[in-house]
Every structure is written in C-alpha cells, then in structure tokens.
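Below are two complexes that have chain A in common, paired first with chain B and then with chain C.
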Partner chain A sequence: MIEIKKPAMAGTLESSDCQVTVEEGEGTIEFSLDSTVINQYGNQIRKVAYDTLKNLDVKNVKLAIVDKGALDCTIRARIEAAVYRSAEQTENLPWGGAIRS
Partner chain B sequence: MINAVGRDIPEEILEKTGKEVFQGVHHFDGYTYRKHGPLTQAVINSDGSKLVAGIHDVLVKCGIKDGMTVSFHHHFREGDYVVNMVMEEIHKMGIRDITICASSLGKAHDPIVPYIEDGTISNIYSSGVRGKIGEAISHGKLKGLAVMQSHGGRVRSLVTGERQIDIAFIGAPTCDDYGNCRGIGGNSNCGVLSYAIADSLHADKVVAITDCLVPFPNFPAHISMTRVDYVVEVDAIGDPKKIATGAAKPTTDQRKLMMADYCTEFVVNSPYFKDGFSYQTGVGGASIASTISLAKEMKERNVHMRFGVGGLTKPMCDLLINNQVDCLLDTQDFDLDAVESVKDLRHFRISAGQYADPFNKGAVVNKLDFVILAALEVDEKFNCNVVVGSDGVITGAQGGHPDTAAGAKCAIVITPLLQGRIPAICTEVTTVTTPGESVDVVITDYGIAINPKRTDLIEAMKDVDLPFKTIEELREIAQSITGEPERVKFEDRVVGVIESRDGTIMDVVRQIKPFEFSEE
Partner chain C sequence: MNPNKKRLRRTMMFLNAQKPGLIKDPYIYKPDSIMLDLEDAVAENQKDAARFSLYHALQTIDYRGCEKVVRINGLETAFWREDVRCAVAGGCDSIRIPKTESAQDVKTVEEVIIQSEKEFGREPGSVLIMAAIESARGVMRALDICESSERLFGIALSGGDYTKDLQTRITGTGIELMGARQNMVIAARAAGVQCFDTVYTDMNDMAGFQQDVETIHLMGFDGKSIINPRQINTVHKIFTPSEKEVIFAEKVVREIDEKKAQGIGVFTVDGKMIDIAFYDGAKRTIELAKASGTYKGGLLDD
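Our next item is the complex of A and B:
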C-alpha cells in the first residue's frame, strides 16, 4: 500500500490536461472533481480515478482533480505522478505493474 | 410532435408559440402572404430636428410600457454599448416584462443578466447568446422563452408580422439630426447596418442612437430619415477596439491548415468550381485559411469568382483588391480591412433580408455555390448544432448557418474531430440548428464525409486523393479516443426554442440539470 505522506500535485490547467492534487486522507478515499466536461464524462473520470488508485493500492487519500477535458490516459498519468511524488518515490517506478501502460 | 429532423417538440410549446413543427427545408416554397407594415406617425411640420435629449426622454416619447418589444442590431459585436445603455434606463424606469428582439447578443451584454433575473426582461429573440446570458437562460432564469432565430429567419418574422417591434434602437456610427444613418464614419465605424434595415422597416418607433452627429444630409443614407422617429446623441455607442479589430493573423495551427487544404482540394474538384462561381465563408481560423488557399488555387487555375458574400474579413476583401472576384455582397464586417473595403464601388452593402430572408422573392443565399461553415457538433444524419454547447448550455448563435446551408449548392462544414475531449462528430447533436438535408460535406482533421444523399458529389470525388470516410467512421474514431460521452441531463422545463428559418420549430432547449455522480 502506498502511504500519502505529503501533499503533491501533477498536471496543469491547460486545455486537454488536468491538475491532480493528493493529500493525506482521513482513512478513506475522498474524491472531488471540477471538470469542463463533467456533464458528459464526470462518472467516467471518477471511475478512472478510483481504478488508478486501486492499481496503485492507495486507500487513504484526498484526491482533487481540476479537469480541462483530459483524456483517460492523461488523467491516469497525472494521478500516478501525484501519488508517487507524494510518496517521494522518483526512481524504480513500477512501469507495467502498478503503473499500467 | 416529432418533426422532420426527428425531434419531439412538446405540445405545450406549440400551443404557447402558435408554431408548427419543422417539416423540411423547402416546405414553404411558394408560400403567399401579405407583408406587415409598421404604425407610422407623420412628420409634416418643419421644425427641422428629431433630436431628443437622452435615452430616458426618448423612451418616454415612444411610450415605453410593460410588455413591450424593443430591438437592437449587433454590428458593434463585442464592443456594443447600446443594448446595456437602453436596458439600464428601462430598468431604472421600473418597466417589466420586456421582450428583447436582437439580431444577436454576446458577452458584451452580460450586464443585462440582473434584468433577466428581476423580470425586467422576460423573453429574448436573438440569433444566439453567449456568456452569462446563455448561462442564465439555461439555468431557467428567464421567465419566458429564448427564441433563437437565423439572420434570415429574424427578418422573415418581422416582415410577416409574426414578431412585432414596438421600439427599435439603431446604433448609428454617423447620423444627422433628421435620422439619416450610416454604418460608415465616426468612432464606432462598423461599415454596414444590414441587420438593422428590417427593424427600420417594420418597427412602430425607430430611434437612432449615435455618438457622431453630422450635418444634414448624411448621404447616401444606409437607413433613411423617412423611417426614423427620433435621434439621440450619446457619448459613445461602442468600443471601437472591439467593433472591428485588425485582421486576424492567418492561423499557424497545423490542424486547421490541414482542414483548410482538404476544403480547398474538395472545392476545386467539385463540379461548381468554375469561372463565375460564388462563395461565402465564416470567420473561424480554418475558414479564413481556406479562403487564402482557395485564392492561390484560383490564380493557378485561372478561375474567377463572380461574387463573394459575408460576414467579410480581410482574405475575402483581398480577392476584390486582386481582381479575383467581381464584387462582394456585405452584411457584416469583422475586421478593419472589411470596414475599409466598403468604400470600394464593387463592395455592395446588402440587408439581412436581401441576404437570407426565406420569405422574400428570392435571397442572395439561394445563388450561392459554396458556403464554408463551422459547427459545435455534427451528427450521423449531418444535423448541425451551432447554438448549444455539448454541456447543454446555450453558447452560440445560428447566424446565417441554416440560411446559407439551405441556399448553397454545396454546404461544407469544417470542424476538428475533437474539441478538447468533446467529439464534434456524434450520434445525435445536443440540439439541431441546421438540418442534415442542407449539409453536404463535413471536413475534419481525421477525414471527410460526404452526405450519402449527395451521390453526385460522391461520384465527382471518386478519383480525388482525399481521406474520405463515412460519417459513422468519423464518429467511431472520435469515440475511440474520447470514450463515449454520457447524455447531458436536462430538467423538463423548456427554456429555449430553436426556430427554423421558415418560422417552424426545429428543436427546443431545456433547463440544465446540475450534475450529480451516479450511484456507485
């Protein structure tokens, strides 16, 4: 299980990107989403976020996404980057394992 | 009741508006009617001036009261001050239930949102709305209905008398004290006053508002004193910087340039590309780029254009300067080059009625070979949406889209396959504004789809080296990248009507439902 040790961020607010913030949780996953495409993709983005956290084995986190129309692959990558930054792991990343291609 | 584009129009709306459902683009061909004339107050005395001290005084003189309809034109685009100035005064006077009948409204008019919320304004007729007005309407703040009309459809509604204007306010870049208005000169030079012509012909009271009073006679007048009741001089009717900007730099966006090249390649290989052809294009980056690349092909192939129509920009006016086109027919000027070009004797001002009214004895759009358009969404039946965003909020305008698409022999829509994450090619558009039967070709960065009904165009293109695909293939490519979008959720209440150019109902717009995550 990855512990969220400190607040971390990944991504930008450019069009077709998203900015992901992770913070230490209160024992659960707390998810918030602000998206330009929430009406069409809100549920899909939430599903991608929870699936990504599950792959990473993160169970205790506050995850906030400000989305500007990012594709699923981008959202996944930004969450993974934020989580590993928070865990201060920058080497030996599990490519093809917890980080799915 | 289901209409010809498959949209279910609620009975309640048909009753409320007294309208019929859309039955096809040519349903009203040959329709016969008597035109509506305005109430007219004769001026026989020779006092010699129609000047009134201010907006307040002129409203009193015109007998402003609850429930009246007031009209505006949008030649000052995002630099317009007139709508806000008049509505602020009407609000101060405590008048309620006003219907605004504007040729279009934009972000410049965000300040009237409080008047929508407090009931000063209860109905809106416009080509479209953007910004905060669109949000207010989509969130159900407008008490009555927002009716979106095409430029031609608006004129039709005034000429037939279906829509009657009590007071028309015409922002005039120059005007004399007797009401002769011109779109040229002054600080707020917009070139033409095409959209206001119908208002001047059909409104009961006509008020010219100017910030540049010139000595009588301001000739040749674009709107004659014979139709103007009062003239008001104010400090400023618009922000010149936002009325006509310098010409947009030609785009360097490779995606747009590629689509423009596809478009030109399509045009030159179509049967309509020959000496004496006619052409109209919009102001989007790809449209402008396609005019520039078409000019090059015309020169190389020694093909000459007879007339160009617009919504004009520099690249269209360059065709005139370079003698590649005989004349331009002008309804609106988007940049300073176009405003300047109005002085050219081969550059003709036309009214919105001449341009596109489907109920006159033949409009310019009927003589178009090509029109190059944009769209927010196009669906598998080639229906286009140019008014409602994919998120369900009203954020655009019909403009001349349905008019030119209906009239032109070859209506081409250019749109990138994806707008951010939103697929532009979809199963069903959020709202239909232009029926698929008017749309012949869709050009995207991922391929080109020809409307299957246009077997002649399909045949003409069979040896042309362009990435042709079916519209279904384009939709599948889009969704394979973005994932399938969920349908936006709406409340039952209808907040807006998309009026077809012939006055029937093309579609309705419902109040937006705030997003909630589905149950896990």
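Our next item is the complex of A and C:
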C-alpha cells in the first residue's frame, strides 16, 4: 500500500492534459473533478481515477483533477506521477505491475 | 537478425514525451519513425512525470506502423537507467542513446536493455539501439560505435551540440557539418548500419531545408531527424525514388540477370554503360521504392 504523506502535483493545464493533486486523506478516497468535458466524460474520468488508485493500492487520499480534455492514458499517467512524487520514489518503479494501462 | 534493423527510416519526428497533446496522434502525419523524447525537451523537474506519460502512450496508443524510438537521458545523468526500464516495459521498438562517445557507451546501455527485456518479458534482442553522435570525439570514434552491438541499427548526427563542441555554430550552409557528416556516413556504410542527419531548425526557410535534405541524400544518408510535420513531405519526396529511377533500376536488374546467363559482362541500358557494379544499387532503388509503398512491379518479391 502506498501512503500519501505529503502533497504532490503532476500535469499541466494545457489542452489534452490534466493537473492532478494528491494529499493525505481522512481514511478514504476523496475525489474532486473540474473538467471542460464533465458532462460527457465525468463518469469515465472518475472510473479511470479510481481504477488507477486501486492498481497503486492507494486507499487514503484526497485526489483533485483539473481536466483539459486528457485521454484516459494521460489521466492514469498524471495520477501515478503525483502519487510516486508524494512517495518520493523515482527508481525501480513497477512498470507493468502497479503501473499498468 | 532483428528484421526491423534495416527498415525504412526517411523521417524521425521528435516529440516531447511529457506533452500529451503531441504524443496522442503523430501517426496522422505518417513519419517513418517517431522519437519520443525524455532528454532535452523535458525539463529537469519533469523527468519523472514524462516517463509515466511515455509508458501509457506506448501501451495504449496505436501508432499505426510508425517505429517507436525513445530518446533516453545521457549516461552522465541519474535518469537513464529508469528511462530504459520504462521504455522497454512500455513496448518501444528502439532506444536512442544521446551523446554517444564510445562503443562502451552502447554496451553499457545494452546491458540494461538485456536486463529489462528479461524483467518485462520482451523477446531477447527485440529492442534495437541507435546512437546519437554529438561531439568531436564521437565523430572520430564513429566506426567503433557503429560496430559496438548487433542491436545497433544506426547512428545520428546531433548538430547543435556537435557544433558547440567544434567551437562553431549552425550557419544554414552546412559547411560546419561537412566533416562530421562525411565521416559518419562512411563509418555507417563500412559497418553496414544506417546513418541519419541532424534536425533543420529554421521552420521559416523551407527552401533552405529542401537544399539541406538534397545534400544529405546525395551524401548517402538514410534519413533525417525532423521537428515539425511540415518537413515530412519534403524528405519523403527526396528519399523516395522517382518513377523514372525505378523503371531504369528494373531494366538494369533484368538485363544484368539476362546477360549474366549469356556470359556478357558489360552492355548498355538506355545508352548508359552497365556492368555488375550497378546491380546492388539498382536493387536498392527497387527495395526503397517498395518500402516507400510506391513500387507496384514484381521484381525482388521473394
């Protein structure tokens, strides 16, 4: 399980990207989303976010996403980048394991 | 030998792996290869984020036949080993090593590729290597670098850093690059690998770009690194044999095959003297046209 102890951010507000922030939760996953396509894709983004957190085994986090029309693969990449930044791990990452599409 | 080692590589388009807007659909421009960059295009504090972006792009985006090359960070950095693990795990076709100065540099990266192929269940030998040469020392050791590994499919000149090392600058005339280009293409041909030219950065000078591509084509290069989709058509046009060249090459191949059977060594085709020395060049023209998708004839089908 990855513990989110310190706040971290990844991604940008450029088109096709999203900015993800993680910080320590209050025992659960707290999710917030601001998206230019929230009506069409809000549920899908939420699904991808929860799936990514499940793969990473993150259970206690406040996750905020500001989406600018990112593909699912970008949303996953930014969440993982923020989580591993928080955990301060940059080497020997579990590609194809906890990090997977 | 990995069958991709000799594939067609007229254009290699640089893309910042950290920019989702760039890497989501570059295949629409039909470059032969895309070069997903973890090195100079990515800011120091974004190296980690770029890898996640790269990994998922490689895993999920269908690049429709474009070769997927990943440029890793230099061997003097703390980043390159994880770059290799990420790229191999993601499913890249090739790794581009920047600032290559010796055969040992290639072997050092190859070791980590071998470990990564094993770790992530890739077929041994499936990940190829290309070496970018960016210094006077690298140019002087080009042949050693070309012969350093069975995985190495080619070398590429990186003009910006090379001219800095040479204490000159990119002038647009190509004079400052002449020695490196000549040395590298000779080394590549001697070793039987491919050779690629540096980028042309002035997007407002398409005439200068065309001149540059024509020069390196005549020098024997296999292709050019590019930075903008607008440059693709020009390169492909120059590097794809014309219909006239293909028709002549077909005649040469057919005539040499026929005359050889009759015991004749020298003859003429369309008024030009032809002998066996023209055979491989003519076959190469047809193979290049075939790989470019413009050859509809049936020669060399086996």
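Keep in mind that, in the parts below, the second predicted complex is superposed on the first by the 100 of 101 C-alpha atoms of A that agree within 3 Å, B and C clash if a C-alpha of one lies under 4 Å from a C-alpha of the other, contacts with A are read in each partner's own complex, and residues count from 1 in each chain.
Keep in mind that, in the parts below, a contact is a pair of C-beta atoms (placed from the backbone, for glycine too) under 8 Å apart; a residue touches a chain by one contact, two chains touch by 3 or more.
What you see is a predicted model, and the numbers here were worked out from it, not measured in a lab.
On the shared subunit chain A, the superposed partners chain B and chain C are arranged side by side without overlap. Once the two complexes are laid over each other on the shared chain, residue contacts for A:Asp72 go to chain B and to chain C alike.
When the two structures are aligned on the shared chain, A:Leu13 is found in touch with neither chain B nor chain C. Of the two partners chain B and chain C, more residues of chain A are touched by C.
The superposition places the C-alpha centres of chain B and chain C at an angle of 80 degrees about the C-alpha centre of chain A, rounded in steps of 10.
Of the two partner chains, chain B is the only one touched by A:Asn43; chain C is not. Contacts of A:Gly96 after superposition on the shared chain: chain C is touched, whereas chain B is not. Of all C-alpha pairs linking chain B and chain C after the chain A fit, the shortest spans 5 Å.
Across the two superposed structures, the residue set of chain A contacted by chain B and also by chain C is 15-16, 70-72.
Chain A contributes residues 15-16, 36-44, 46, 68-72 to its touches with chain B in the complex. Of all the residues in chain C, the ones that touch chain A in their complex are 19-21, 24, 48-49, 51-53, 55-57, 59-61, 81-82, 85-86, 89-90, 120.
Of all the residues in chain A, the ones that touch chain C in their complex are 10-11, 14-17, 70-74, 76-78, 80-81, 84-85, 90-93, 95-96, 99-101. By the touch criterion given at the top, residues 390-392, 420-422, 481-483, 485-486, 488-489, 515, 517-518 of chain B touch chain A in their complex.
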